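A, B, C, D, E, F, G and H are the chain letters, set down in written order, and residue numbers restart from 1 in every chain.
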């Protein structure tokens, strides 16, 4: 089984981080994984995305063109990538910034979460990405929550480790949204 | 009501790719204002560097050439020799001008090449993600001086104006800053002066502008301006380092 | 009497203008523009047309009238 | 063994350190900045020296100095920077100084872009600097090979006293993959030919590539060519995946080989017999193997991110004994799995051209 | 018409001036110093500008500036200097700036020597700088061609907005021969695309090679490749001397072709049917003609002063339809007429290999 | 009788390829004498330039690397970083150091790289046949300034010691001449001082030696020495431009 | 007919000049000609030589390996090149610096002239090369004396034109030696 | 009492030593060495061992005894 994901959003929304967590988590589960970033020409801001592949076999192309899953944290990203999601795939998008879904994709599971507002409720407006990731995991089950929690320790630099509990709550919050 | 502060004609309407609060944008505007002021838009040719300002040609409504990293003074020389009546300026960062392009800037200056150089000193390689530059301050942390610039092993920052001032070729050399409105006004005057010098055929002119890189300094834009004032200016004193007699008294 | 105009779409919310306004009448909006930035808006009266805000704005967002 | 996630660039850097490399001279350029940045942090920890040079030209000449002094030394860059290093590389090759040079290739020509490219193949394998010289050129296919081939690169550089290049691209350098790291090696800078100060030797050691009298230069070149012949005979490496039973063999390296692998996986699921031939050394090019596959009646599709460079070596190897098709993506874009899949299909018996 | 004796280097310089070139930026290096020295004297006489740059890197970037500003501009160098110019050449090609670059090749690699060489063939025709770019490459066979091809080079550079290289060698540059000079042309620097200051134009002119977004760079490369295809179709030139009736055809250019010509003259006196195929353009390589000669059953001997570079293009052209032998002299030495004569003899029917 | 002037140990017996009367030979000997004097032959590594001194490695009985044109300071840096205990020096001409190699020398100096540079200023490119150098005097005729160096179009000569003296990295900078026996003695002291500075780990040291090129100046060797004295020294004043306190009083 | 010549000697003896005169003279007679110089590693001094080819047909190789004629102005040059002269060829050497001919070549015409002493007699010790050239022309007749005289104007820089009469006398002096 | 020794084969006849000898006792020989140079020889007595000649000789031809 090979599962391919795109995480996309404005620079600064933390899409690279959630992609890395997916990949790291996958690796911790003994999978073959790749993570690949892509930036716009802006120095900061603008949009950015990353491709993640989680597979049972050695990964071929790390660049995902037709994802099984998409996490889109802003409007332009949803616009750009939603059409390429495979039938049967999962899309989680940030309803805080996206009022209207640009396209009709009945054959994919589409899930909007108000990441910004939810994050603020958790007391830190930076963890919207983690909430979205939690929701995505809940829907796709591509990697287990525990593996992502373990991955946090590896991916976050030491000086951010105090934020791990917060991030874990955000993950769970997101997961709960789709479970609930 | 009269418009007392307007969008300069020499800029296009394009939004820049610079980070929020990056003073490259201020310097662009000052250059454009000088060009408007001197009414030379139709005969000015710019040289974009390789650095954060690599897309400068998108923002200036001027003929432009994109130079290889560090080689803008050579490119400017080629253009100026072909069109001596044109006003030719390069816009360069500190990595571009003071590291890889050191030979080119010194020799253009020594030749008294009749070009104008806008030298943006932000103490780092902005575009490539904040590596150490020749102008990085002692102790300053960058991605390639992660333990802080250690002068014992990697040496000392280079003061470009002071270096060029030992040559006979330059006609005008000044260091300015854009960390507050008053200094921005002075910076604008210096830039105008540098262009005027070229128009008068006096020789090489360069304005070093102390500029911020909030992204790679890891600061807010506002903090970054204070850092210019508190850390950079003491190391890089502002002033005019070379001027023909008639402008020595300038308040820049 | 003076006033400023703000080109909201150009603004990157860097707050430099806010920091230099002597009248402290500038602030960030709640809303974001299409680039994702909270842009600047005037939060009060009393602009003196000093143009500090315009001069320090790296994105030429502000024009000033007097 | 523990797997850690690393960017390709970091894997190269850590691979070098594990291989005993203690000196790095380089200059920032995207998309390889993780290498110098990693080295800047890491080398002081192992007693090594990281120095950011004032330019690529200077960096490669520092490498020449350090390599000539006997050290294991690395530099890395991308397109424009590698071009600037070519004079130095030619000197290093001529003077037979071991070192490793990484090119994390990006789109060209000129300033180009930051997207991956394979258009520096000729530069690495044939052209490049002036004169008849050769680099041993490795093209890793994944992060693990970034580590492993880096170790090999240092060993081979020293064995042959020859510069070794690792040619990879922006995707391979930026992507993260799990790797298993080998243990840390420490090696000394003491080579009998290296400059160290005479230290009691009768004859001083000399590192140079000058042959001001014609015959002297011919002698240098004869020595070099003899070495290149030895390398050509011994050092060719490749991966052949299902080539024996294949109807069609895709030839690709680096990122293209990964895209091709995905496309081939799909085709195999459909029962098609498609193989992958991945040269691991671009020079020496593993041409004997390809020639014999050609003699077996295979046909070939070369996939590369360039206007057609690797394909020339494939044609030279195959030399009209087999049909060679070409699918190139121009600089700045990567072929998609679907594009490669479609192209292969069109070449297979039931397909269009058949 | 009056014949004057000129060194090849001087013929190149005067040829450039006659072709309307008024700008020269260069840096001294043997064996091409007569070019800048001639230009230093001569350009001021015709209202042009000679400027000695601080380095080859700077020189090529001055050329980029001046060419981008619309002028006919020349630079020249040799091995190490050309290597240093490669980044700039890649920029010039990418930005489609016309100019002419001379390489008076000397022995390499590294510092090498001052004797002639043909080991920069790959660098000129394939490798060199980063990215997929091509130079139009002329290889003059005598001093007259130095003048004539220089004129053509400037015209073609402008026609295609492409850098043109003249690849010659130390012997060709240093030897004197009689030449007939064409009249002096004057051309203006006004090209619609050039940087001159906007001068009332709505859209500013921009000279660059940046495509920071992937598709932009692909567009640039598609445009370049289309141009190269046009050049490949239209610009191949060669000299074929007695190839139709020949049993064996020697393929050689520059100094090697002259040595070969002497050897062939001797063999013809002995009644042997030996032809000379001399590519005048090294890129585009005149491969169609060679392919059809191969189809006619000819065999080939490639003579070059390198370890084997031109020979690859010959093999690619002939592609196993004919036997290609190779006689290379390593850098620093020139084959003697007798050596070439002996080698040809050994390949002819009565000879050894048959 | 005692031998009071002997062939230095650090030189090989090989005869040089230099033109008759070329002072490169004197400078070689002074370097060798300093090495003998300081007893560092076994741990000294030289870097030969591309220039007339390209074959220096044939004349010094020392480990050597041949650098690419202008890059000797970078090569020296690479070596010194590997062997910090070795004494590393480069020997460079004015074309090599001040033209193509300008970035390398400035940055090695700014880094305070612990190497010694012997800089031979003869105002021309000797090896390639007498082209203009960055140090060619105004009005001086060379093969690429056949009408005399015109400062209005090609600019002004560069004074390397003065330029480097604006940097914080150098520990010792001196300009000397070899046009008569007395100056030769002083030049020898300066060279010895520069090496001593490196041995003491003080930082970058450079000695600029005004040298003759009778061949390309079109003079007899004896005339050439007068030309150094009369034309060069006024433009390139002799002296110490940087020294740690303890040697400032040196008579060099 | 193709005639190939090597002129060789110490740097400063003027071997390049006489080679150029031969080539120029040949051209003035309507021939195809080449001249090619070769220097040693010494900056000045050392030995140098040049190859000259004079022919009815386009010249192939400008590098002469088996000359028809050799002018050797010093010992090392005679040593180096005399063995390669074709049977039937001509060698003129400078007897002022060469006491002993290193080899026996009965099948070539070997002619020694005391170029230095003769030149001094003419009042300028630099014209030994012209005397040797004159002698060589007298023996080989490859180019006419008048053509060489005409060539002098083209080859010598303007500021040396006052020396042309002296050079012509030297040429004649050399010619006379072999005629006499 | 002082004297110098001359390594004739190394000498290039540049005359620098001749120009600096305070006693004017150096001059060029009639003969040439194998490099083709008229080499230096002592033409008279009275060497004071000042070593000026040796110091200025670019070819390390001269050694001095005192």
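A few points about this structure:
Throughout what follows, a contact is a pair of C-beta atoms (placed from the backbone, for glycine too) under 8 Å apart; a residue touches a chain by one contact, two chains touch by 3 or more.
Computed from a prediction, not measured in an experiment: that's the story for all the values here.
Number of steps on the shortest path from chain B to chain G, with steps defined by chain touch: 2.
The interface with the largest number of contacting C-beta pairs joins chains D-E. Put simply, the C-alpha centre of chain B and that of chain C have 25 angstrom between them.
Chain D and chain E have Cα centroids lying 29 Å from one another.
Note: centroid distance chain A to chain E, computed from Cα atoms, is 54 Å. Look at where the CA atoms of chain F average out and do the same for chain G: the two points lie 41 Å apart.
Among the residues of chain G, those in touch with two or more other chains are 41, 45-46.
Residue positions of chain E touching 2 or more other chains: 49, 51, 54-55, 57, 80, 87, 91, 95, 110-111, 114, 208-210, 212-213.
The residues of chain B that reach two or more other chains are 18-20, 22, 54-55, 66, 68, 99-100, 102-103, 106-107, 127, 134, 154, listed in rising order. By the touch rule above, chain D contacts chain B in their complex via residues 27-30, 33, 36-37, 40-41, 44, 49-52, 54-56, 80, 110-111.
For chain F in complex with chain G, the touching residues are 17-20, 22, 52, 55, 126-127, 215.
By the touch criterion stated above, chain F contacts chain B in their complex at residues 99-103, 106-107, 110-113, 134, 151-152, 154-159, 162-163, 165-169. Across the interface of their complex, chain A is touched by residues 3-5, 114, 142, 171, 174-178, 255, 258-265, 334, 336-338 of chain D. Of all the residues in chain A, the ones that touch chain C in their complex are 10, 45-46, 74, 97.
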